[in-house]
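Dropping the structures in below, format is structure tokens.
Paired with chain B in one complex and with chain C in the other, chain A is shared by the two complexes that follow.
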Partner chain A sequence: MEEKLHNRHALVLSKEYPQANFTWIISLIISVIFLVNSFSFTTGEMNSLVFAMFIAYLATTFLQLFITRRMKRDLLDTGAIQKKTRRLGYVQLLSLVSGNVFAAAAAFNLINERKTPEYTFAVYMFLTQLFVIAISAMNMFKPYVTDTFLVSMAVLLVITVFHAAVLIAVAKLVRETDAPRSMAMIAVFVLLTAVTGNLFALLLGWSLLLKSISNDHSRILKWHVMWEKITRNSMAVFGLFFIILMLAISVTSRFTFDYDFAVENDYGNILQTPSLAYPFGTDNFGRDVFSRIVFGARISLLVGFASTAIPVVVGGFLGGIAGYYSIRTDNVIMRLLDVLYAIPGILLAIAIIAAFGANTTNLIIALSVGSIPTYARTMRANVLMVSNYDFVDSARALGTSDLSIIFKQVVPNSLAPMIVKSTLTIGGAVIATSSLSYLGLGVEPHIPEWGNILRVGSTYLESHSYLAVFPGLAIILLVLSFNFLGDGLRDALDPRLD
Partner chain B sequence: MGKKLLTIMLALIVVLAGCVQTKSEVSGEKDGGDTKGGGNGKVTIELLGTSAGEDDMNIVRDQLIKNGFDVKLNIQPDYGSFKAQRDAGNFDIALSSWTTVTGNPDYAVRSLFKSDGDNSNIDDSEVDALIDRASTETPEQFIETYKQLEQRIVGEKAYIAPLYISFKAQGVNKNVLNPDTVRLAKSRAIAWETIDFNDASKRDTDALITQQAIGSLTSLDPIKGNDGSINTLNTNMYVRLVNLTDDDHVVSDGSLSYNYAIGEGNEDYYFVLRDDINFAAVADGKAVDTGERVGADDVVFSLNRAKDRDAVPDHRTYSLHESMKDVEIVTDLAELEDAKLSGGAGSVLEALEQGLEADITEIVVDKTAADSSAGKYQVVKVTTNEPFPQVLNYLAHQSAGIVSKKQVESINTYDVAAFDVNKDIPYGDQRTVTEGASYDNHLYASGPYILVKKNDYQADFVKNPAYRVGSEFEPKISNVIVRFIEDADSSLSALRNGEIHLFNGVPETKYELVENDDKLVLQKNDSNAVTYLLFNAADRAVAKSENLRKAVLYSLNQDEFLNYYQGNKKKAYSTVSPLVDTGNELIADPTKVEESLADYQAE
Partner chain C sequence: MKVSVFAILKRTFEEAHGKSMYRFLLYMTGVPLHLLVYLFYLLKRKDDTYEATMADVEQELAHEGRRVIYFEAFEEQLLCKAAFFQEKLSNEEIHRQAEKLVDERFKEEVMLRTEGRHGVRKVTYYTYFLSLLERPMFLIASLVPGVFMYVLLLLISNPFLKYIMERLVQSVFVIIGVGILVFSILYISPFDPASNILGESATQEQIAAFNQIHGLDLPYLQQLWNALKGIATFDLGSSFAGSEDVASSIANKFPITFTIAMFSVLMAIVIAIPVGIFSATRPNSFLDTTFMFIALIGLSIPNFWQGLIFILNFSIKLNWLPATYSPGNALSMIMPVIVLGTGLTASIARMMRSSLLEIIHEDYIITARAKGLTKSQMLWKHAVGNAMIPVITVIGLMFGGMLGGAAVTEKVFNIKGIGSYIVDKQFIPDIPAIMGGVVYIAITISLVNLLIDILYAFLDPRIRSKMKQS
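For the complex of A and B:
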């Protein structure tokens, strides 16, 4: 009886089981979407490519369902997942071919019994690289590719092979609190590959360096526990994956995509339906929507990050000062910010754009100004709390200057809520950017920006709906990713949830 | 196994790499020199437009960039801010459009290109001379003159760069309206009085619901506005001496005159007036017959104030009527008998009598004494400064609508020179018909309908109870509601879901939607709307350099516009193109662009 209860606990506590469940459900949903889209209800024709995708996803779903049931049986019977079941993960890796990142991630998770954050980083680093290559490779169906395409694809392939090797090494060698010293060399190379925008490489490299070189066990443990918590939340990791994928695509598209496909009008190819050469079709000017969305990611990410970073710094500074100093300073700063807070953010942005003209810089400023007060408030509340702690008192007793106390002691200890808040608001900034473009107030209409693309699509909703569906999906996915990541970060950083 | 896989992969990659072509290989095959290579010496052109013209701006931008220019876009959200930017001169080229609502070529060039035209920024004596010469010529003669004019304006001097001629398209709900009764004219605004429901029993109970984009009405005084906000409304509220047919011929059908005749020398124009139209007014939200007949004194009053720029403050249409010298009531029947008909045998009197119920036996000055069945008629004579047959087109324009002398004089008691917009309320001010405290409807309508009230969302019209009662021109439907819907796509949705019955201005890219809708029918006709690029004539480089203007002109490829609009546009050479077939055509020519740019840079 007790063993059964124990096994039930194992089922609940298992990291793999909920993810496996999630995987087969989402695979089933996606396969149904493919099924519905493979059949045209108006013409009665079948799209064989989409139907093949449906078959692939359905197969993945059934395999995953089978794996899930075996996992459940293993856990209930023995309290642990058996080797045989884990080996099925290798079969499930095949789902990568159909681009099913959920199944692939679940498979990687299943294969390796020893879960370290480094292993997760390495898996997603590898997956990101694969997806970047797959997306870039779509260009081969175009009439021509950019001059740098072949070279950069070769470089990307080499990096991918290297990442695969690192993944195996990490799975074999890295343990929870330390890694062999030899890993330090690899870590440096991994860090270097982060210039492709693949920030998982940055995380992995940093993590490996820390574990292989540092002797500061508390630091390693802190890092390990934090990422352990984040990576346990698979939605947060998927969010992070999509954000980093977009970032990597933005960086590599400079070399693998031709900007002319995204901005130059091609009157011979107006409003083409999705095909291999134009995966998301072409818009009313014959521009490739796929290229436009890829290049649009750049602006969305840039504006999203910049218009969050500026209020974090400015608001954080003002909030820090206001929270630390006397009532008068506090009152002056906070009341002034209250005035700013009283103006609706999007209206303020529209007013700024209308007055100074529409371009990316103004867009960033317009979106930044409105959210300064909220960051100042968050920072102030934390500073008020932290500045009463003992270590601040002791710093003061040692005669440290105010500024030094604020920025060396108080602010670093008040950062966690700011990080969480900013992650959650980047999504809002992405939406605001697109909204302004959608209203014709953002960047110039021919520039590929998701809001612009969506605007063109919105007038063709009925006749060519794909023009609106794909940019809409891109916006939804990016915002959703930031929200999931923000949730994960909050769970990991909030001391009350320990 | 791993090694094998790797070799296969590598082989595959090499094969694939051999298959793809790089950009420089492709462009190398097409042409040797990449025009975009020399980035430093590019000329920047600032293109101004409204967000409604965003698509055209994008095409122009793309064509200019492909021809080695740099383009800066200046997109304004609405026409008001666009006009402010244009007046401030913040542009090199501005996306403009012109619709010749009078259907005559003179109007298409006079105000735009003549040095004293009210919309002109061109000062060229040769252009002036050609415009004046063409205006006195017959249609056969003026083709050559307009051809020369076009070549001067576009080919030689490049004052404007033409883009395309639009079609007019109108969607009609055929489940509700009888599409055969809905007119779609090339130039004139739609006439509501002919429109009828499929079910005639609904004429008095249901309203015809139509749409227009602008809800702020410039003025309901016909001479104080000439824009999309009032053209259709004033056309249906005020009757004119003549009308245009759907293909721009001047006729008396549906007008205040039974007949008109042109006197020998093309300077005298005679109109014999109807006696079956009374002015309508609004009382308690209903239209009432004022009992006051629309007569010759009202015609003389209306046309005199139309040509006098000081008749009202903010007169918008006097330049259309400048050609008129005198307007008078004919008092002597002998004058008509003596006057010879232009270009034909017979007297003016005979021409005027054609098709009349009773011959003209007496000419009366007092309008109440007119009685067509007894042969008592009123006749008005318009004299022009020079021989100018196209004056008839201007008389068919809504700004020549007939207003009540008595009513307008009783309202416009202010001093024109000292007019204060905050204090004085002129005749036709939209404040007087807007729901609310300032509502005080003082309109007197001579046309088939009268405006009862309006708000931000719609304007309500009812039929004039004393407008040609019993004739085929008596308004069929009693109530007309005009919805104000700014966005064309929203209007289209409103048409499709049955909220409106009639939508004039279906976007070119949406014809298919209307055609595929079972309950709708799409009516298409030519129009006189020309879209063109206007060059800054004041202080930019394009103002000074003819070569730079030509470089822009020859960068434009009208075929690409036609492609974009799926063939639903026509090529244009100037604003005259839809009215006169001059045979001129603009052909994109990259070599001319290069030459002109080189000449410009050498200047």
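For the complex of A and C:
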């Protein structure tokens, strides 16, 4: 009886089991979407490629369902997942061929019993690299490729092989709190590969360096516990994965994609339906929508990050001063910010753009100004709380200057809510960017930006709806990723949940 | 009864006098009264004994050698302090600091002794006026010159009224600030509306005439004053292009946006609150995860894309609903309302869940369970009401965002509302139209938030008690 109870606990506490459950559900949903889209109701035609995808995803779903069942049985019978079941993960790795990142991640998670944040980083670093190569490889179906295509693909492949090797090494050698000294050399090379935009390499490299070189045990433990919490939330990691994938694509697309396909008019190929050469079709000027979306990621990320970073700094500074200094300073700053707060962000942005014209710089400024007050309020509340703590009092009693107290004691201790908030609002900034572009008030119309692509697509809604559907999906995926990551960070960083 | 009125007046005057803002207001509103009373005060002060007594006491104390005693004590303290903190202070520095402390201490002692020994109090204008306020005859006599001040006093004697008044004044300042900000942004714009409207071929005279008609040749402050006055009097003049009356076009378009926004809020509340409560009572269950997943997707969908997909599916493919909005047709309102309300629904559901989850783990809920309440009794009697408080704040804040964000939805469904009006006017830029649209929306939002704050003051006992304490 007691053992049964114990095993039930094992089921609940298992890291793999909930993810396995989630994986088969999401695979099933995606396969149903493929099924619905493989058949055109108006013409009665079957799209064999989409149908093949459906079959592949359905197969993955059944395999995953089978694995999930075995995991449940193992856990209930013995309290641990058996080696045999874990080996099924190698079979499930085949789902990578169909691009099912959920199943692949679950498989990697299943294969390795010892889970360190480094293993998760390594897995997603490898997956990001694979996806970058897969997306870039779509260019091979184009009539021609850019000059640097072959070289950069070769470099990417070499890096991928290296990443695979690192993944195996990490799985075998890295433990909870330390790593062999020899890993430091590898870590430096891993850090170097982060220039491709694959920030998982940056995380992994840093983490490995820390564990192999540093003797500061508490620092390692702090880092480990924080990432352990974040990586336990698989949705947050998927969010991070998609954001980093977009970033890596933005960086590598400079060398693997031809910008001409995205901006040059090609009147011989107007409004083509999706095909291998044009995966998302072409628009009314014959421009390849797939390339446009890939290049659009750059703008969305740039505007999203910039229009979050500026108000974080400005609002954080104002809020910090208001919270730390006297009531009078506080009142003056906060009442002035109340004025900004009373105007809805989009309207203020429209007014600013109306005054100074529509371009990317003005867009960033317009979006930044509107969100200064929210960050100032968050920072002020944190600073008010933190500056009442004993360690601040003791710093003051030791005669530390105000500036030093603010930057050394107060700010570092009130950053966590700001980070969470900014992650959650980058998504909002991405939506606002595309909304304003859709209204013709954002990025200049000739630049490939997701809102601009949608704006063109919306005029062909009746005849060529894919023009509006794909950029919209890209926006949703990116925003959703930021929201998932933000939720994950909040759960991990919120001290109340400790 | 009458006596209590005097007591209230006196107490309120005392309290309000302590805050510089209110002190200023009290003297400003009662200028005629205070002038009169001050004259009497100057006449009466002549036979005051306080100053004389104080001088006596001061001499006595100086005679006793108090200063030297104080000085020695303070010097020793300062030396000890410097030694402890290992600070190197020069002798002069210590002397200077000690002298300062001695002065303060001596003055204190003098005042204390004067009041203690002779029972005389220092008469200031303030104490003189307070003593007058106690007399019924004075009140009746001063009612005419001081009526504004008494109204103010009565207003701030009640914490509720005081709170409402403060919030109102604050809102008025915010609205004026919004007006100044938006006008200034448009004023420093590098664009020239005159040449945008008249075309490139316009002559200097035509441009000058245009600028004169619309008052664009006036100095900044004059234009700003006109704009603010226009907003307050609902007379914004005519728009640059098409010369329509801006105030009346805004008055025509605003109700459309407002109705759609209100229906969206209603929809959001009706759907999100039950979902939030359901999710919070079964945390991490399958349905909870699904609901929250859907809510997160709802937060991540751009309005315009959702609108386009709705039009594509429900209007073009299925032909169920009209693709564009027409004022009389209720069916055409369904899609805009859902699209505008999706984000709000998702936020409220998430907020409701987290707020209720937090409350369910509070100690008093455990007490409620311990005293034998069933789960549903505990939930409905103790938890939901308290969990609603932050949710209502979020609704108020999001409502503003919805009015602002309505521009996008209105463009998608071709609704002639205030949002699309502003967007249409911004290409010129049509300063009165943009300014009027933005500022009136900001006013509406401020009023809604003001209303919510006042509602709180009545409903939430914690805020009530905090108000009374302050």
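Annotations for the structure displayed:
In this text, the second predicted complex is superposed on the first by the 498 of 498 C-alpha atoms of A that agree within 3 Å, B and C clash if a C-alpha of one lies under 4 Å from a C-alpha of the other, contacts with A are read in each partner's own complex, and residues count from 1 in each chain.
One rule holds in what follows: a residue touches a chain if its C-beta (ideal position, glycine included) is under 8 Å from a C-beta of that chain, and two chains touch if they have at least 3 such contacts.
Because the structure is predicted, anything quoted here is derived from the model rather than measured.
Shared-chain residue A:258: touches chain B; no touch with chain C. By the touch criterion stated above, A:462 is placed in contact with chain B and with chain C alike. Once chain A of one complex is fitted onto chain A of the other, the partner contacts of A:140 are limited to chain B, with no touch recorded for chain C.
Of the two partner chains placed around the shared chain by superposition, chain B is the only one that A:149 touches, whereas chain C remains out of contact.
After overlaying the two complexes on the shared chain, residue contacts for A:284 are found with chain B alone; chain C is out of touch. In the superposition on chain A, A:351 makes contact with chain C only, not with chain B.
Once the two structures are superposed, chain B and chain C can be ranked by residues of chain A touched, with C on top.
Contact with chain C, but none with chain B, is seen for A:476 once the two complexes are overlaid on the shared chain.
Under the contact criterion defined above, the residues of chain A that touch both chain B in one complex and chain C in the other are 441, 462.
Interface of chain A with chain B (complex): residues 139-140, 143-147, 149-150, 153-154, 157, 258, 260, 264-265, 267-268, 270, 284-285, 358, 440-441, 444-446, 459, 462-463. The part of chain A that touches chain C in the complex is made up of residues 335-336, 338-340, 342-348, 350-357, 399, 427, 431, 434-435, 438-439, 441, 454, 457-458, 461-462, 465, 468-469, 472, 475-476, 479-480, 483-484, 487. Residues 13, 16-17, 19-26, 51, 54-55, 57-59, 61-62, 66, 73, 75, 77, 489, 509, 512-513, 559-560, 563-564, 566 of chain B touch chain A in their complex. If you check the complex, the residues on chain C that touch chain A are 85, 170, 173-175, 177-178, 181-182, 185-186, 188-191, 296-297, 299-305, 308-309, 311-312, 316, 400-401, 403-405, 407-408, 411-412, 422-423, 425-427, 429, 434, 437-438, 441-442, 445-446.
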